[in-house]
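Written below as structure tokens is the structure these notes are about.
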Amino acid sequence: MKENPLSFQLKLKPEDFAPASDSEKESLTVMRESVGFWKDGLRRLKKNKIAMVSLVVIVLVMIFSFIVPSFYPYSYETQIQGANNLSPMTYSSNEQQAIDAGEKVFPHVLGTDKLGRDYAIRVMMGSRISLIVGLVATAIILLIGSIYGSVAAFFGGWTDMIMMRIVDIIYTIPDILLIVLLSFALKAPLESLSQVPGFTWIQIVGKNLISIFIVFALLYWVGMARMVRSQVLMLKESEYVTAARALGASNARIIKKHLLTNCIGTLIVTTTLQIPSSIFTESFLSFLGLGVAVPLPSLGSLASDAINGLNTYPYLLFAPALLISLIILSFNLLGDGLRDAFDPKMKN
Amino acid sequence: MSEYLVNIENERLSFFTPAGEVKALNDVSLRLKEGEVLGIVGESGSGKSVTAYSLMGLTAHPGRLIGGTLEFNGHKINDMTEKDMCTIRGKEVAIIFQDPMTSLNPVFTIGNQIREVIKLHTDKSKEEVQARAVELLTLVGINEPEKRLKQYPHELSGGMRQRVMIAIALACEPKLLIADEPTTALDVTIQAQILELMVELKNKLGMAIIMITHDLGIVANMCEKIAVMYAGKIIEYGLTDEIFYEPGHEYTKGLLKSIPRLDAKEHEKLVPIEGTPIDMLNPPKGCPFAPRCDSCMKICLREMPPVTEFSDTHYTSCWMHQKKEFEGGNVQ
Amino acid sequence: MKKYVIKRVLMAIVTVFIVATLTFFLMNLVPGGPFMSEKAISPQAQAALEAKYGLDKPLGQQYITYMTDALHGDFGDSLKQRGRTVTQIILSKFPVSAKVGGLAILVAVCLGIPLGCIAALNRGKFLDNLISVISTCGIAVPSFVICTLLMYFLGVHLKLLPTFGLASWKNYIMPVASLAFYPTAYIMRLMRSSMLDVLGQDYMRTARAKGLTQFISLFKHALRNAVLPVVTYLGPMMAYTLTGSFVVEKIFTIPGLGSQFIGSINNRDYPIIMGTTIFLATLMIVMNVLVDIVYKLVDPRIKLK
């Protein structure tokens, strides 16, 4: 404190004490580059190894379930004569003869089930169904939930009160009871509806699948609606929206510029995390025998079928069980990554 | 036992963040005698709070002391274990935080939180502890203390809560009270009340105070000495009068110009300090204030300014004063 | 408080009413009737049975009759298990489900909270990563997968534990474990993040500045604040254990309310379907109110509205 050590070491020259120019001063203040919302988020997402691995897994599963079946030599509903309950990579006696005769027979990678259907293709189709349910149901939930939530938040007052009470009631209903009932109850009306011209597509999609979608549409949007409502309310009250309004911005502009851009992060994250939970619910329903109809497989119904033969054919359980866990895990991890990247406020 | 209550020498402290090392404190030295009031003034991020917290061993993760010595009341803080620190925290040195809204635990009553610290550091009986708690609330000017003790923090106003924080801090009559911007989060009228209370308590109890603030008005009223901090360094230190009437550093001058004065001439404008504080991740080689300094010279950008002493109590680090000495041919 | 009670009771009545109505009409949408599957029955006998239980009347009238009776506490007799009232059946089945579910909740809370805390306190270290991996996997594996895998390895393969029924304490291990798996993982995650949040709060700094040791400041000041999100989760968790119990009861053939419900839908045993739905809805509402009250006890800032 007492010494002045620097002056000993430094040889000072008069010109050192000349005023510095502005440019010299500015050269010292390094401004960090400012990056936009999307760019910044994507950069953070790309850095997140776990999320990227999950994304790759999801893409692989999608290829596996949507593209591979078209090239696969077996079909999920064809029952191969004499090929019941084959272990993985084994052949039926007919097929063995064919191989001996020099023909090429595609191996049953995962064996066959008790009706002699190739199990690998059934697992692929099963994950296709699970993914479709997950994505479509989430889309339905997103649509209904965000419209409902933003309408409630935007109008406020009595509208909001009544709308939110309805949400509260649906929230307290033990959903599983209604799901089970609904899935049972919807079978017959959908059956008759599918006979009506113009609605025959129901038969193609499968009436159980439709009833699952209806169940989701009726019950599962409440969480999303609450989330969207609270987001919109928060933004509505926020000062920059007030500021924008004071500056004369139109409602459309406020919605587009402020509400959407601020909501979108949370919305993406919630949606991504909704997908695994939809898949979860579908597999649960299928497991109880309320999901897709035979012969269409889903991962849940495959696991359910496998239980009966658990003693003798345990491998029939492992493939769907593993796959469903893998799908849900990857979507969860991707959702976590997205949240960290796009919605740091929500990070926990 | 040194003559000083607080003796910090060349303290260096860094935060090791994922983005790199942030040198929060560079060679900070401070001394404080018993009963003295020191003000530490500076912008956000200048290292005021970090200095105070490190004295209590409360440096937040990922911060680490990397050099210098800290002494308090005969304790060598550097060498003390966490367990030893617990025996002096709240007893010999206490702290009041900036935001009374969040500094009290929401799920416990005021009484619970005051009694806790008394029970911890004394062996008073249950009744004595209760009596002391009532006495403390009365001391900090809270009416109906018995009733308040049963209330929860959210039932009190901000000013009240800060009074409770002060009561907690004073519970064991500490030798040093650190006040970390105690009024920043309060309404202006409440600010004045709290400051008045602090002056009153200081006169009554005679403890030393380190007052951390960015408000020069507060230090002018309360403090005997002032340290001005910028970018983790003390750039000027002196008695209150010296700082206010003969500021040596361009930054101090800037600070003084930026506060409104009652005796200002008509149409005299307030002069803000332009620019923003430096990026602490990549501090410049020279004087940290150089980029914002109106009188910046070439040397300022290249080299750290040496210390210039004006008196036993007043020193600053600024090349401007070296220039005077250089031109006067006095360079050693 | 008074206002809260009135509001909750009103809400509960409305909810139960809606649930009952929905169930009533949905259930009657399910094709087939209660006496269809019994082959030995003549059309006359079927008509007689239907008349006896009032099933020949128009749906609207059936609905009104049922609701009036239900208001008087009479939920009817089972159509399939002759001579037993719905109340009897539910009261005999519910304790079975409640025991398994209650144990699962206990396990989830007792494991989830401490493990979450440990993870938060060891943030970024090995223990934290390990616990995080376990909990992330835990919430990704559906209960039926856990059930079947446990059953295969512990029950069928190693023959360590019995695979069905609830005869001894050993029977409880697998059902409780599979039911507790998801909530444990979820509570661990919840607890970890809320603990990290609380540890960064100003009042934790105050606690340390008072001279409290880390241990005490953790147990006294942090835990009570950090546990709040877990309390909030208790409501949905009850719903989950209910949901999960459907699968668990099916796989481990436990004679509980869940398997009873599925069975009664398959049998079109209308009064049981109605009774179970109303019972579970009421139970859920009561549980949610309890959770609200616990929350209020833990956090004095909460006003029951």
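First chain written, first letter: the chains are A, B and C, and each begins at residue 1.
The rule we apply is simple: contacts are C-beta pairs under 8 Å (C-beta built on N, C-alpha and C of every residue); 3 or more make two chains touch, one makes a residue touch a chain.
Treat the numbers as computed from the prediction; the structure is a model and nothing was measured.
**Student:** Just to be sure I understand the contacts, which chains border both chain C and chain A?
**Tutor:** Joint contacts, listed by label: B.
**Student:** With centres defined from CA atoms, tell me which chain sits nearest the overall protein centre.
**Tutor:** A
**Student:** What whole-number Å value describes the gap between the mean CA coordinates of chain A and chain C?
**Tutor:** Going by mean C-alpha positions, chain A sits 25 Å from chain C.
**Student:** So, what's the distance in Å between the C-alpha centres of chain B and chain A?
**Tutor:** Chain A and chain B have C-alpha centres separated by 50 Å.
**Student:** Which stretch or stretches of chain A touch chain B in the complex?
**Tutor:** Within the complex, chain A contacts chain B at residues 1-8, 10, 12, 14-20, 24-26, 28-30, 32.
**Student:** In the complex formed with chain A, which residues of chain C make contact?
**Tutor:** Touching chain A from chain C are residues 11, 14-15, 18-19, 22-23, 26-27, 29-31, 136-137, 139-145, 148-149, 151-152, 156-157, 193-194, 196-197, 239, 242-243, 246-247, 250-251, 261-262, 265, 273, 276-277, 280-281, 284-285, 288.
**Student:** Give the list of chain A residues in touch with chain C in this complex.
**Tutor:** 165, 168-169, 172-178, 180-182, 184-189, 276, 280, 283-284, 287-288, 300, 303-304, 306-307, 310-311, 314, 317, 321, 324-325, 328-329, 332-333, 336, 348
**Student:** Spell out the residues on chain B that touch chain C in their complex, using ranges where they run on.
**Tutor:** Listed in rising order, the residues of chain B that touch chain C are 56, 58, 60, 82-83, 85-91, 94-95, 97, 99, 102-108, 116-117, 120-121, 152, 154, 165, 168.
**Student:** Spell out the part of chain B that touches chain A in their complex, as residue ranges.
**Tutor:** On the chain B side, the touching residues are 29, 275, 278-279, 282, 284, 286, 290-291, 293, 295-309, 315, 319, 322-323, 326-327, 331-332.
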